[in-house]
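You will see two complexes here that share subunit A, one where it goes with subunit B and one where it goes with subunit C.
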Partner chain A sequence: MKRIKWSRLYIALVLIILYIPIFYLVYYSFSSGQNMDRFGHFTWVHYQELLADSRLLAIFLETILLALLSSLVATLIGTLGAIAVSQIKNKKIKQLLLTLNNVLMVSPDVIIGASFLIFFTALGIGLGFGSVLLSHIAFSIPIVVLMVLPRLNEFDYSLVDAARDLGASNWQVFSKIMLPGITPGILSGFFMALTYSLDDFAVTFFVTGNGFTTLSVEIYSRARQGINLEINALSTIMFILVMIIVIGYYFISSRSGKKGGRLL
Partner chain B sequence: MKKRKLIFLVPYLAWIALFVIMPIILITVYAFRDEHGFTLSNFSQFFTNGTFLRMTLNSFWYAFLITALTLLISYPTAYILSRMKNQQFWLLLIILPTWINLLLKAYAFIGIFGKGGLVNSFLGLFGIGPANILFTNAAFIFVAAYIELPFMILPIYNAICDVDPAVMQAASDLGANKWQAFKRVLWPLSKSGVQAGIEAVFIPSLSLFMLTRLIGGNRVITLGTAIEEYFMTTMNWSMGSTIGVVLIFLMIIVMISTSSSASRRKKREVKL
Partner chain C sequence: MSNIIKLEHVKKQYDDGFVALKDINITIESGKFYSLLGPSGSGKTTILRIIAGFSEPTEGRVLFDGQDITHLDASKRQLNTVFQNYALFPHMNVYDNVAFGLQLKKKEKNEIKKAVKDALHMVQLDGFANREIAELSGGQQQRVAIARALVNEPKVLLLDESLSALDKRLRKDMQFELREIQKKLGITFIFVTHDQEEALAMSDEIFVLNEGKIQQSGSPVDIYDEPVNDFVARFIGDSNILNGRMVKDFEVEFGNHTFECADAGIKPGERVEVVLRPEDLDITSVDKGKLHVRVESQLFLGDHFEIKAIDTDENEWLIHSTNSTKVGKEVGLYFDPEDIHVMRFGESEAEFDKRLESYEGGD
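The block that comes next holds the complex of A and B.
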């Protein structure tokens, strides 16, 4: 009994450490004053500043647009690639492609950023939204492939044969048989790509140039100048957004899980 | 059918050629080049100048410390988690902070570790005067470990969950005490998760240059920081590429050594 209590305490401690920084930011976002040392009095002033800061709001929207666009393209290329790779019969070629696929997964961010910077400069692609978008697509593709491939390996290809016997066209086989079978993998791939893009700092920092910034880069440059409670207000809003998305995702996935159960 | 397969494959292969192979070739070319053409001077500078070698050792030492601290905290967490009710919920709570932007979390620690911040006010309760915490090596290691924590907990948790509870039961039935059961049964069986966690933490730890700037106060110089500096500040791309190539090379060695130890383990399992 006593042992269980100790383990509870340990988990509680780990969770407290994990959440202290987040709640610290949220707490001081409501404080008057200019630093995170002493709570002044309750105020909304930093949120008002945030709403009036059209530069930061524009960056916020651009970051989300970038994430959606890059993960959409990465999901498309990655899914098609995964389907193609899963159908390769030659084991050596397949292994080679999978190894190449994982190169960007295991490389440190600085290496990816630096080599992409050289790459864009060598090709004469100007740094800005385009180069950042291309980079985000590039580093999101491997995770999509890794999420879709297991679904394809589990996929029952006799269904394809059956559909063909029943007179389905290539397109019908693809859209009505293959795609529904691997949709969960595609969705989680898209989801992972989204988080990769939203969370990236290092690669973007290298390839962004002067014209375009994402939220991470902007926070970095502001944080280097010191504490600014507007950032606290922003992180509160982002935390609430994340909570909504996670609860939504949790709800949808648990519901679809139930549906799967009923089908069985 | 053949043509359709090709359409599927082409964009993917184009991605591999352009964004996987080309960048590696380009960074290697840059490492062996200066204004006059081919040169080995960057590498000779790297391996004869003590600063670079010290920096390499330094970054591996810090990455090791970060990984060790994360593992030390994560293993018990993952174990306790695997024995709890409502595991999915607690797991979600652990994953959730990874979704908050890394920079925001680092920024929070500037406040927490600051002169009048949370830690110093806490120390003040015991009459310990405000200490300089921000911009120290310890602060850098702590924040890096904080950020990597969930990425270590998850694979270990998955590995422990895959261990058959009956095996642990059998160990204690056969008279093993808690420590023996852990050392002889649970640890070897969950080692794959530990390995995955170490791989997920060690390599990113080499490139946390934003933390060395924001939390380490530019005093912790790692390979990642050096690359960033050569590319973005001093604009000496060939030296930056040289450090990059060395880092890639060291990484490959680390990966080959961990995978060969994994295959050796498999052989031993077969013998048993």
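The block that comes next holds the complex of A and C.
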């Protein structure tokens, strides 16, 4: 009994330490005054400022648009790539491709960002929304491949034979049998790509130009001039948004679990 | 009866050089229950996959209703398959699984509904339409798989080791039911199995396969009573196989004795193998027996005793008897001339049939 209590205490402590900075941020978003030295009194003023700050809101929307677009395209390319990799019979080539995929996952963002910058300038591609989108798609593809591949490896290929036996064309086999089978992997790949894109700073910082910036880059440049509590308000909103998405995803996946693997 | 499927000189070699099938020639008549029987790796599933269209032969032709379908896509063949692991679509319920084939054919909704209902009725799963696959037992999944195949009204149903995952009792029930369904629908069933009892119980005709070759084909009784070689004799049922020598027509020598037998057409003095089925051996007193043996062990197997005995020349004999005996007892073994089956070394099925005809034809 006692041991269980200690372990619970430990987990609670870890969680508290991890969440304290976030709650600290959230707490001061309601404080009057211009810095986080001292809590003034409760106020919505920073939220009102945020709503009035059309530049920040535009960046916020653009960031989300960028994340959605890049993760959609990356999911499409990554899923097709994973299918291609899973069909390779030669084990050495398969392993080589997977290793190349994983190297992209683990190499530092700075190096990836710098290489994209060199690449784009060498090709004469202007820096801006397009270059950021391309690089986000590029670094999201390996994540999607990694999330979809296990599903494909688990996939029971006798189902493909069964569908063909019942008269399904190649496209029908893919759309009616294979796709539903790997959908959970595709969805988690998409969500992972989404969070990677939302959260990326280093790569974006390299490849973004004058006209375009994402939230993380904007927050960084504002923070260099001293923290503005408007950022706290924005962070709070984003934190709550992410919480809602996570809870929603949890409910969707637990419901699909009950229905015997049927998703959505 | 008309031929529905014909395999002509079918050979299958895989990319790694392994030859799975060597010159297979099979004719399947419509309306019969066939079994492809053999140990694992004998090529039986390869034949099924070639007929179904999941795999193409390296050489040879596959004919369906007289048409060459060797390179026709599986989706366009008028036959359906019940898979070993059932291969039911896990993201669909029972109804959608069974309706899958008909929906692809763009049949009318009401028509599909009725057909699915009838198919589920046939496999005794009325009221299961809305169940999820994961909620079903192995036996129920098996039935759904059969319904999903039969609802398309195929001319031939292929079954790949379809009963092997079921427990013994359920398997027996399903054997009986499958046979009933086959008779009722009057379509051809081709059943792949490694279980000789299953094949004997269900089939009109059995193809015994080993190492990519058809060893023997025929009715269950033919194959059991007159195995063409020692592989078939050992694979189908238990048997006592001894080396012997043909003395003359209708007389064979083994175990240092000469016995009257029912085989002929083999030249005198030729070395042969002799098969005696354990259930054809009767235990009697020493003086009435044709052979003198000592009982070594006895096992009670429920419906019979399995007795092992050793004769005076140290040959081991397996005997199935409904009566028990005593271990260590000296007894006699009696058998009729027809119980002795003589096999020549390296005789093919065709040669065997020809020889049989030569001396039985005059009857």
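Note that in this section the second predicted complex is superposed on the first by the 254 of 264 C-alpha atoms of A that agree within 3 Å, B and C clash if a C-alpha of one lies under 4 Å from a C-alpha of the other, contacts with A are read in each partner's own complex, and residues count from 1 in each chain.
As a working rule, a contact is a pair of C-beta atoms (placed from the backbone, for glycine too) under 8 Å apart; a residue touches a chain by one contact, two chains touch by 3 or more.
Note that this is a predicted model, so its numbers are computed, not measured.
In the three-chain model built by superposing on subunit A, subunit B and subunit C fit together without any clash.
When both complexes are overlaid on chain A, the residue A:97 reaches subunit B alone and has no touch with subunit C.
Looking at the shared chain after the overlay, A:169 reaches subunit C, while subunit B stays out of its contact range. When the shared chain is aligned, subunit C comes close enough to touch A:180, but subunit B does not.
Judged by the touch definition given at the top, the superposed model places A:161 against subunit C, while subunit B stays out of reach. After overlaying the two complexes on the shared chain, residue contacts for A:195 are found with subunit B alone; subunit C is out of touch. Of the two partner chains placed around the shared chain by superposition, neither subunit B nor subunit C is touched by A:68.
On the chain A superposition, the C-alpha centres give an angle at subunit A of 100° between subunit B and subunit C, rounded to a multiple of 10. Shared-chain residue A:45: touches no atom of subunit B or subunit C. Of the two partners subunit B and subunit C, more subunit A residues are in touch with B. Of the two partner chains placed around the shared chain by superposition, subunit B is the only one that A:80 touches, whereas subunit C remains out of contact. The gap separating subunit B from subunit C in the superposed three-chain model is 11 Å, by closest C-alpha atoms. Shared contact residues of subunit A, touching subunit B in one structure and subunit C in the other, are absent.
Residues of subunit B that touch subunit A in their complex: 1, 4-5, 7-9, 11-12, 15-16, 18-24, 26-27, 30, 73, 76-77, 80-81, 83-84, 90, 92-94, 96-112, 114-118, 146, 149-150, 199, 203-204, 206-207, 209-210, 213-214, 223-224, 227-228, 231-232, 237, 240-241, 244, 247-248, 251, 255.
Note for the complex: subunit A touches subunit B at residues 7-8, 10-11, 14-15, 17-22, 24-25, 28, 35-38, 76-78, 80-81, 83-85, 87, 97, 100-101, 103-104, 106-119, 122, 134, 138, 141, 145, 170, 195, 198-199, 201-202, 205-206, 215-216, 219-220, 223-224, 227, 231, 234-235, 238-239, 242-243, 246, 250.
Those residues of subunit A that touch subunit C in the complex are listed here as 156, 158-159, 161-169, 172, 176-177, 180-181, 259-263. Those residues of subunit C that touch subunit A in the complex are listed here as 52-54, 73-76, 80-81, 83-85, 87-91, 100-101, 104-105, 132-135, 148-149, 152.
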